[in-house]
Amino acid sequence: MSEKLLALWQSTGLFQADPGQIVMMAISGLLLYLAIKRGFEPLLLVPIGFGGIMANIPGAGLANSAVENAFLHASPEVLAQMAHALAIQSWDSVNQLIHAYDTSGVATHIALQQIALDAGFANGALYQFYHVAIASGVAPLVIFMGVGAMTDFGPLLANPKTLFLGAAAQFGIFATVLGAAGMTYLGWMDFSLAEAAAIGIIGGADGPTAIYVASKLAPDLLGAIAVSAYSYMALVPMIQPPIMRALTTEQERAIVMTQLRKVSKREKILFPIILLILVALILPDAAPLLGMFCFGNLMKESGVVDRLSDTAQNALINITTIFLGLSVGAKLSADKFLDVKTLGILSLGMVAFAMGTAAGVLMAKLMNKVSSTPINPLIGSAGVSAVPMAARVSNKVGLEANPQNFLLMHAMGPNVAGVIGSAVAAGIMISLVG
Amino acid sequence: MSEKLLALWQSTGLFQADPGQIVMMAISGLLLYLAIKRGFEPLLLVPIGFGGIMANIPGAGLANSAVENAFLHASPEVLAQMAHALAIQSWDSVNQLIHAYDTSGVATHIALQQIALDAGFANGALYQFYHVAIASGVAPLVIFMGVGAMTDFGPLLANPKTLFLGAAAQFGIFATVLGAAGMTYLGWMDFSLAEAAAIGIIGGADGPTAIYVASKLAPDLLGAIAVSAYSYMALVPMIQPPIMRALTTEQERAIVMTQLRKVSKREKILFPIILLILVALILPDAAPLLGMFCFGNLMKESGVVDRLSDTAQNALINITTIFLGLSVGAKLSADKFLDVKTLGILSLGMVAFAMGTAAGVLMAKLMNKVSSTPINPLIGSAGVSAVPMAARVSNKVGLEANPQNFLLMHAMGPNVAGVIGSAVAAGIMISLVG
Amino acid sequence: MSEKLLALWQSTGLFQADPGQIVMMAISGLLLYLAIKRGFEPLLLVPIGFGGIMANIPGAGLANSAVENAFLHASPEVLAQMAHALAIQSWDSVNQLIHAYDTSGVATHIALQQIALDAGFANGALYQFYHVAIASGVAPLVIFMGVGAMTDFGPLLANPKTLFLGAAAQFGIFATVLGAAGMTYLGWMDFSLAEAAAIGIIGGADGPTAIYVASKLAPDLLGAIAVSAYSYMALVPMIQPPIMRALTTEQERAIVMTQLRKVSKREKILFPIILLILVALILPDAAPLLGMFCFGNLMKESGVVDRLSDTAQNALINITTIFLGLSVGAKLSADKFLDVKTLGILSLGMVAFAMGTAAGVLMAKLMNKVSSTPINPLIGSAGVSAVPMAARVSNKVGLEANPQNFLLMHAMGPNVAGVIGSAVAAGIMISLVG
Amino acid sequence: MAGNFFDVAGSVAMQSDILNESLQLLIYGMGTVFIFLYVLVLATSGMSWVVARFAPEPEPLKPAKRPSQPSRAVHPDVLKAIGLAVQEHRRERR
Amino acid sequence: MAGNFFDVAGSVAMQSDILNESLQLLIYGMGTVFIFLYVLVLATSGMSWVVARFAPEPEPLKPAKRPSQPSRAVHPDVLKAIGLAVQEHRRERR
Amino acid sequence: MAGNFFDVAGSVAMQSDILNESLQLLIYGMGTVFIFLYVLVLATSGMSWVVARFAPEPEPLKPAKRPSQPSRAVHPDVLKAIGLAVQEHRRERR
């Protein structure tokens, strides 16, 4: 009798809880609060926060693979089998086995998986979502397709020079990589080059891009990187204005830009195709992200497949967002997230946004020096993407300087250029570091 | 010439048909009739019935894995290979091999799968659906998320005591497990404890929960369990009223309940989070089902991710329902369904609903004894869930006793409580028996 | 320094491009042009064309499996490992290894896959889409379900004899198989019987059917077959009229048909069930395609699961179409498509459409001889399916002969009969040749 | 999968074989197509006759179902649409 | 997965075992269900009390959010619906 | 996958290496970004010029397409919406 009550009690989360999980559940709860009450990128942070809570439910192992669950709960016999499959004779702690597993090849993984499944362990639901949505790399691509189907390149086509602003703003990405390397050099942190590159992409201010790169270069940091990317995207209205004001004069901010020309349907149809061809010629490693992005945009602009385009920007992107968010939440595990590295990622992410903003504004000022047509430097900050938030910020700060000056449409150019820019940067990272 | 006509004739279903398949196609046709003409839970029974017909098409093997199809149609050489992989030297009937296969481990399964694929056999379409939708456990979770996004906990929050009715009604579940065990004890049936537990869940009167538990504890009985669960849910308006009348007096049925208070948005947002935390602390094994349920409900109530919530309750749940139904139909194979166990399941399912109804009503009467605020015992029967049918039944029977007495809103409380209750019961089953 | 610039330059598509890929990108661009500017079946040809461009991006390997990418880019050590797994000691070109891989069994495939993954190679995005959508056979089935949910069998039920027109038009399929065999006999081409059968299905004038059969009988030709099928379906208004006029007299074309009777709801509900039962009895190999088709139609006609039916004809079919199209595009690789076989396929496809059209018209004339109720031979051409284009063509040509004669509704009968007919033909091919 | 009766020939694959194999395919194929659709014509006509004879006019059942289902099916969008459409319209009638 | 405390008995599987095992399941099961839902009642009531006491009327926040979101959520269909509906209606008023 | 020219260094991974590697990344990265977007600016401007010069006003083609497609795309919901909206409105006008 008593030992059965004991069994029941031992199956409770209260009994199995470890402090790290409690902390992670609290952090996930904070994300939910920020998303629901403060409107921080709710479409992503609600699923991420909720997924984070589920992933840290003690004893449920929803974010674990069958093998990981076996390591945690298996009987000594099963563990012995697993150790044997790992070619380990003697071992004092399971962590030894886990480490051996993490460093072993695919064949060994399959062998242990078979043992775990035979022993009745199963992959957690969130693990399955992560495996299908992110590990495969598919979900970010599908979301990029949907974003492409929602993007209007008209303002960009009306003023192609704004692409340079989208280029300059990517300085935040690479400067952050340097920063992460510097922290490692100073011994504050221990980031590999791949990790540094993945952290830098936070400066791209583009969620799917950051998740895609992190899943390829630093899966262990994916949770922290995604959380930091989406949080700072939500904080853009707080982060950018002071920097923009500091780097510009009153009269620069008041510059009125010339009305954008009307862009023809045909130009809009040809743009995604040209962009894809350039990607193919210059940077094949950016092809998955930018290819799907162009595909979505072509579906929209061609006007002949509206039912596909509508689905891509509604049912399909919504479904994918739900599972992408839960999958990111699955990466909010205590052992990965409650690490000094996360502090580094959060601080570096902030730096990345600031640097990108500054680079965009300064680039705009430089272009004003060289070109004849006036450019309001405030639209430079929109080059970090964070669509459409950053463009709205440019507009708002502009109105402070000149209540008649509506910069929104002008800022949309660098804004979407920033999406392209960071996808290009992502391709470079994967090509040079991956 | 003639032997070619023979080959054609031998490839017809007429030639390959075995009586069991004919019977199963007839049963599936009956399910379609009940769904379309009698309105029996059509959203599930139309796909289940149609899937049942497809699964029993002679010679098509739509519900078989590549290995099963190989066992049925393979050449002697291939069978010899498979026997060798099963470490069987001599065998007189294929069933021997099939049995050996069923009892072998994952590694052996993979080996035979490779032989079958090399021999040109493929997984049937319905088998693939089942594998992806149910075996993975994903489809019931996605449906639960959608149900959560469609559920309003307002009436429950206005009168939390009704949760006890949702608890009492789960007595039907566990009493049925005892009943199944009794049948085994008396030698009428031969149910394992896991099978008995899976059968009991029929009493939860909740389709996805029953399918989820059956897929974990008794996959072979899944078809019969799902069919019986959905059939009795459709029969609730016939099963419950006599029991409700038998256990209550005229004046009890006429009890007017006090108007429900207005529930604030904030309470509705906090409820799913509190529920999730309790699950995490007390019953981690209920986390997958209740977690997704709470997630769907939070998406709805938070009001900041309406596009996700809309997709969860429309496109996503509809797509999942289609494939879940077809997958359940894939389990309506003669060898599994045309078994004395199915009769046991159908009779026990009926018992489960009756017991649950009675327990709910009696609990309500008990609460009337102890508490001051009056409770109409008729709302107790809604505790079996079967949302919203059971609540409507409470309302209807109530109106017979007092034409001015609208119990619908009051019955919605125990009704949704019943969903939580059976999900909790499911967690207990999986934790203690799984 | 210089060798790093070299590395960057070598990672560009410009450097890695081979002429075949350039040509394929041009051909894919042409498909996009035809789809967007000429309205050639845009729902499929836009995704196919775009997928074709992405699949041929030099160095990106989006359409390659991890193993294929390893063959292309792996270091000598990794290649040595792979050769060893293939039991090949010495080899002068990688093509040797690739050939050995293509002809090896599933076990070897898995072994090489493990080596490739361990070496850091991954499956391309388009390869993953193809694997999930087409190799599994699922996407064409889901699309067929959606088409079924969009099909109204009313006209067919009002005049069942038109089924014979749908039967006759399938002559194009089998005549084309004979044609392909003839080309092989004459040594112009080298088609296997399976390839010939897959090519013949182009004459079915039904995209999903052609893709389904090609994926089973001749995956290497899938790209060419799908492109040719959709192109000729778009060209139906050009291909059919001359043939129809050549085979009919002015007064035959002017024949006015008797008004179609009203068809009851009940008949429409029973038809898909009867069709499914006949498939089960006579031609189980047609069960996957026709089963899903009937399921979609039953969902529509039953009227009790409208939310599922709506999803099947909108969100679900759109999502599937997007990935099916991209997956077909993944098969537009230079080595497979830039082959003399493609020319054979294109010419044979044209023949198939012409033969089918002629057979349909002649059958209608024959039926006019034997039956009392007059049939306008122009509706015979609609038997090739190509819904609803072919029916519109019948109507248009009919109006030329008699401006008061509206044949559209009469032509819808043979038109949907053609869908059934080609699905039946597909089943025969798979059963006799597969 | 099922009885492929060309296997032997197929493996030999001499030019002449493929020709007469595909000829056989033509004969058996068109034969089966016609038989199948002929049986379907009979079954369909029979079914229609039975329905007309024993169970005419099932229409009543439909209106009973339709209103409930679709309303559930399209709920979110449509209700909003109605609201907006009607407001919209009132606005412009003023 | 977790502590299945019937394993041993389960493997023996004597008729009498299953009976008393399922009896135990009944006791522990209903016990846990009631405990769980009882705690839930307490937690819910507590939460409601706290909300009512310290953070009443959060309604204002909702109208602020809703209009924006849904409009985005249902955008394509609904706008078309409005347009068509209004035209439609004008047409038939003429 | 492709030419990772830091492999060797990467495997050594001395603190100083990562610093100069990421410096190189900064140089090559920003360089490529600017080159890529510069070429894109040229290509885009060129394309716009060509379109404006040789193929102005493609608008006519669009209105021809749009009406057909969307109506198909949103068919079920919207038609119901129109119906309901119009009835609804009639009802309240009485």
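The letters A, B, C, D, E and F name the chains in turn, as written, and every chain counts its residues from 1.
Note that in this section a contact is a pair of C-beta atoms (placed from the backbone, for glycine too) under 8 Å apart; a residue touches a chain by one contact, two chains touch by 3 or more.
These figures come from a predicted structure and were not determined experimentally.
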Farthest chain relative to subunit D (centres taken as mean CA coordinates): A
Chain whose average C-alpha position is farthest from subunit E's own: C
C-D or A-C, whichever has more C-beta pairs in contact: C-D
Subunit B against subunit A, contact positions shared by both copies (same if over half, else different): different
Centre distance in Å when subunit A and subunit C are each reduced to the mean of their C-alpha atoms: 38
Centre distance in Å when subunit A and subunit F are each reduced to the mean of their C-alpha atoms: 18
Length of the line joining the C-alpha centres of subunit C and subunit F, rounded to whole Å: 29
Where subunit A and subunit D are represented by their mean Cα positions, the distance between them in whole Å: 44
Sequence positions of subunit C contacting 2 or more other chains: 8, 11, 39, 59, 120, 122, 282-285, 304-305, 307, 310, 314-315, 431-432
Touching two or more other chains - residues of subunit D: 1-3, 5, 28, 32, 61, 65, 70, 74, 76-78, 81-82, 85, 89
Residue ranges of subunit E touching subunit B (in the complex, touch as defined): 1-6, 10, 13, 15-16, 18-19, 21-23, 25-26, 28-30, 32-41, 43-45, 47-48, 51-52, 55-59, 61-62, 65-66, 69-70, 72-74
Subunit A-touching residues of subunit B, taken from the complex the two chains share: 105-107, 110, 136-138, 141, 145, 269, 273, 276-277, 279-285, 287-288, 291-292, 294-295, 298-299, 302, 304-305, 307-308, 310-312, 315-316, 431-432
Residues of subunit A touching subunit B in the complex: 8, 11-14, 16-17, 25, 29, 32, 35-36, 39, 42-43, 46-47, 50, 53-54, 56-60, 62, 113-114, 117-118, 122, 125, 128, 314-315, 318-319, 321-322, 326
Subunit F-facing residues of subunit A, complex: 156-157, 160-161, 163-164, 166-167, 170-171, 173-175, 177-178, 180-182, 184-185, 187, 191-193, 196-197, 263-267, 270-271, 274-275, 278, 282-285, 303-307, 310, 417, 420-421, 424-425, 428-434
